[in-house]
Amino acid sequence: MTDRRTFIRQSSLLTTAGLIASAVPFAGMAQNGNNLQEKPKEENSKWLDGSRLVISVSMQFESGGQPANAESPFPQNMKKGYKDLSATTWYEYGYKEGIPRMLDNWDKLGVKITSHMVGSAVLKNPALAKEIVDRGHEAAAHGMNWATQYTMSYNDEKKFIKEGVDAIKIITGFDAIGYNANWLRRGENTLKILQELGFLYHIDDLSRDEPFIQKVNGKDFVTVPYTLRCNDIQLIEGKNFSVDQFINQVKMEFDQLYEESEKRRRQMSISFHDRIGGTPQMVQAAMELFTYMKKHQGVNFKRKDEIARMALEDKTTIRD
Amino acid sequence: MTDRRTFIRQSSLLTTAGLIASAVPFAGMAQNGNNLQEKPKEENSKWLDGSRLVISVSMQFESGGQPANAESPFPQNMKKGYKDLSATTWYEYGYKEGIPRMLDNWDKLGVKITSHMVGSAVLKNPALAKEIVDRGHEAAAHGMNWATQYTMSYNDEKKFIKEGVDAIKIITGFDAIGYNANWLRRGENTLKILQELGFLYHIDDLSRDEPFIQKVNGKDFVTVPYTLRCNDIQLIEGKNFSVDQFINQVKMEFDQLYEESEKRRRQMSISFHDRIGGTPQMVQAAMELFTYMKKHQGVNFKRKDEIARMALEDKTTIRD
Amino acid sequence: MTDRRTFIRQSSLLTTAGLIASAVPFAGMAQNGNNLQEKPKEENSKWLDGSRLVISVSMQFESGGQPANAESPFPQNMKKGYKDLSATTWYEYGYKEGIPRMLDNWDKLGVKITSHMVGSAVLKNPALAKEIVDRGHEAAAHGMNWATQYTMSYNDEKKFIKEGVDAIKIITGFDAIGYNANWLRRGENTLKILQELGFLYHIDDLSRDEPFIQKVNGKDFVTVPYTLRCNDIQLIEGKNFSVDQFINQVKMEFDQLYEESEKRRRQMSISFHDRIGGTPQMVQAAMELFTYMKKHQGVNFKRKDEIARMALEDKTTIRD
Amino acid sequence: MTDRRTFIRQSSLLTTAGLIASAVPFAGMAQNGNNLQEKPKEENSKWLDGSRLVISVSMQFESGGQPANAESPFPQNMKKGYKDLSATTWYEYGYKEGIPRMLDNWDKLGVKITSHMVGSAVLKNPALAKEIVDRGHEAAAHGMNWATQYTMSYNDEKKFIKEGVDAIKIITGFDAIGYNANWLRRGENTLKILQELGFLYHIDDLSRDEPFIQKVNGKDFVTVPYTLRCNDIQLIEGKNFSVDQFINQVKMEFDQLYEESEKRRRQMSISFHDRIGGTPQMVQAAMELFTYMKKHQGVNFKRKDEIARMALEDKTTIRD
């Protein structure tokens, strides 16, 4: 809800601009950051490598690094001072069954994905983190732990991000160039810090179905956009979808983007969290979905680092 | 729950009327505003232009005009004093991808819709607002911003509505004659104000499956009824439906109304919000649904201004 | 959760009974109201009239009688002192479209149902209430208004029930013999009061899939059991089912009960509220479901008064 | 969310270990309980008896033993001091219809299950508890009543568990060797107590899709893992699934585990609570699902006591 002050401010804007007083077109709009010439869509854009539709798959590696009594499907009514032992085993499933099962599935499908790794989870299960990278997947940074990032000071946040990416480097040998904040909630300084630390892209933006570039500290920085629409944690745990609903919805997302990709650069994003996307039923769903998608000509599964680098090279990438 | 006072009042009514004391039919009912002759349905009514079933489609243009940290699919637990940057990008999707995608879809389908435009969203993206109108759709007013309307004073509300409709006129050139209040929640003065400002209809009423007329300030004013049953924000974000559920439910709504429309004037209402109805999966759903509907003889998609004008001309329109 | 006192009490019971001290079978159980000979099911029971499976349909007539700002699908965040005008139109739909549509559907299907009528709703729309009865359906009492019944004193509750049933009698001419409390929540005195007022049955019990008899004030009183499993308000508004889910679930309920009814007396219960079950999509669902059920031999749709009377006559009806 | 202290502690760990200061592989990880050689999965393991896939079915026997005004599908807004009579009948359904119906279904399917029995429910319906055992099913302990177990002192918890298992023994004659805590929420002492009381296994762990052994008091103790993914109370009452969603999801779980079981020991877990899994629609669902599963070669339904004993005998069982 807009409060009264906002209401008055906006009214004043209108009055100043003469919107109320007369009905003549308002020449001052552009000065308010608006632009009558704004083009609402980019037509006939293409991927640099000739792909028709690019599919970007995320695999969150978070379990084992969660804080005590982290949120889970169990009732959130634990009495203070006690450990939620059963919820802990729900998270353990993520690294004991979930990630290994998904890794096998990606191999069967011949798909390389981006694994968003929480530093504390990497330290808890270093061999598994290393195996992800060894099997050809991208390691991207996802914070040192599950802390809320948008409330940190500049220095704390920089240290927090650096520790996470260092943990990944030391354990897996991979230089992460991509970032995902806890619950996508970056702060005002996050992009600057990422730029300073050498990252090339982040994913915490839902605004488009294709990558785009913005200037951060005067240099190009890529957004490889993310989505909640084909996101296991949002659909399965947040919206209480059954697995068949997940399939139906993601399939329709694909059908539309595939159609649009005939004439325009389109990216589809799907994500799987270790303890949610790694269950038998969800891996079965991924197999069904990906098999379906792969039958379509011009569909390419790409890691987000590949997407970011291709976007940087491409002169026609959208710039915000 | 009815409180005790209401209970006593109703009991007294009954006693006064002699309902308790005797079992003879109650002659005084009509004086209480009830009417034993009330006809529960209107039979064999028809649309003036010979349509069998009229489909009324809404496209809300609201994103960009939302207040800071507006409600979104993200957890509503932001700490005070911080901006919900990721939620903002969820809204941006509405005008960067959602509306343009829907506009293309309406063209492919040959359907003209009614776009309910929030004034602040129009000012934020004037070119897009204008394009909606330029492509043949109706612009209807939806308030100057997202403020709660039913708590405003008469004067504040009148100013609020007028500013919104003026913004539409100046940016798009369209004279809006229809109104939709925030969350359908009009106040006691809203209809009078709309009548005074020259509006012909509003939609904030769910009581019927066809338009009806009531006297406001002594003149005819039309209700083009709305629904929550085929409404993307209610079903997808409110009830957590998957897109296939949306399709199934809307299809059944259509099947029944089509059947009824053989003998009686029937209107079906469907609505799509920029950031929700404009996703790939939902546009795919709209394509599937509308293609299905269009195969039925006598089905006509109409803008709400057309419906309102036809209702006003028609002597047989229901009058409440 | 059982609190500590309950825990201690139950432990004591066990100790007293010798359960802890020794492992010999516990002879004292029957004195605690338990019975080792209890037969968990009644085999080979049949309906008195030779029906194989009896379907009992409820149609709640409540809209128009609801209290101010009653719960609705709209956000329950109205500011105090204002009327929820849009929610009111959601209720109006119940008597303007819902009940008339369902009445036509029951006629097409040749099905007679039980309409649970709130007294205040009957007074608001007397002609419609009368039409329900005139078209052959049963009128059952559902309280004078939407008041919480289980907190009333004996005298208040008796007056409350009587006024409701009197309103039905005066308006429709029907002598209601069945009762349904608001949200099924009867109080400790309800059955006694119903017995005193001449009711033969109530439905506020979910414990069985067939009617049963208990002694109330020393006389036989029937329970015609109800369910939440095939109940529109619970599934559509409470659980946010789509209409196709409603169909799928009710169909499976039927399939199992039909199978069981080969050897045993079984009753299936389904319910429809005016503003929920009377929408186009739900009436389409009812048509599909009932058409399916009617194809099965021995399936009979019966009003609850018929079921209650048959249960009273039948010597083999379960007695609790 | 990880709080600041946790953040600092984890950062310190990293610094101590030299993770921040240098990028050389971290030799000290193993001392922190991590292990770079950790093998994320066990390949080519098999069930000792040659089964390909083992299905473990739970049937909770809890109704009748619930505390006053226990949680139910009814609105949780009862005024203090009143009994929730209708909710009580929802629970009664569990032993009057639910368990008997499921028992017949297991017989038809030729499946033996594990019934988790609450002591107070056994005392309330002793004949039914005994019948479960007499028909060949396993009785496992589920606490003396519905008390929260993880907050109990060692002595209270030991007494609580013992009374429950004694009740089962006295009424049914069955020596329970398996345990399930209320809402799976065991405390820090639970496994030790179970070991002392002679139990061989517990199920309150979601971390794997096969049984595993850990040392408790120096002896082998088995976990027969449980799941929320194919669990009626979680899916039907918690997530508001319709019965067809339950079927679809469980079927996909089976398909994946069956595929994996070709090369590796896999266990699938499904559970049904008396008042939820025992409804007509859910029993129909179980019949459809189990019939489907039984068509696959090498699928064996086993009681959890059989699974636990087989795991103890098997040298290749995972040890945590």
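Order of writing sets the labels: A, B, C and D. Residues in every chain begin at 1.
Convention: contacts are C-beta pairs under 8 Å (C-beta built on N, C-alpha and C of every residue); 3 or more make two chains touch, one makes a residue touch a chain.
The chain lineup, named per UniProt: A, B, C, D = Polysaccharide deacetylase family protein.
This one's a predicted model, so the numbers in the text were calculated from it and none came from an experiment.
Note on connectivity: the fewest steps through touching chains from chain B to chain D is 2. Between chain B and chain C, two chains of identical sequence, the interface residue sets overlap only in part, with shared numbers making up under half of the total. One rotation lays the C-alpha atoms of chain A on chain D, and its angle is 90 degrees to the nearest 5. In this assembly, the C-alpha centroid of chain A lies 34 Å from the C-alpha centroid of chain B.
The distance from the centre of chain A to the centre of chain C, each centre being the mean of the chain's C-alpha atoms, comes to 48 Å. Contact of a single residue of chain C with at least two other chains is seen at positions 148, 240, 245.
Inter-chain contacts, as defined above, occur between A-B, A-D, B-C, C-D.
Contacts from chain A toward chain B in the complex involve residues 1-4, 6-7, 10-11, 13-14, 19-20, 23-26, 29, 32, 34-41, 148, 150-151, 183-188, 204-209, 228-229, 234-235, 238-241, 245-246, 248-250, 252-253, 255-257, 260, 268. Looking at the complex, you find that chain D touches chain C at residues 67-68, 73-75, 78-79, 82-86, 89-90, 92-93, 95-97, 99-101, 103, 119-120, 123-128, 130-131, 144-148, 159-160, 162-163, 166-167, 169-171, 182, 240, 242-245, 279-281, 283-285.
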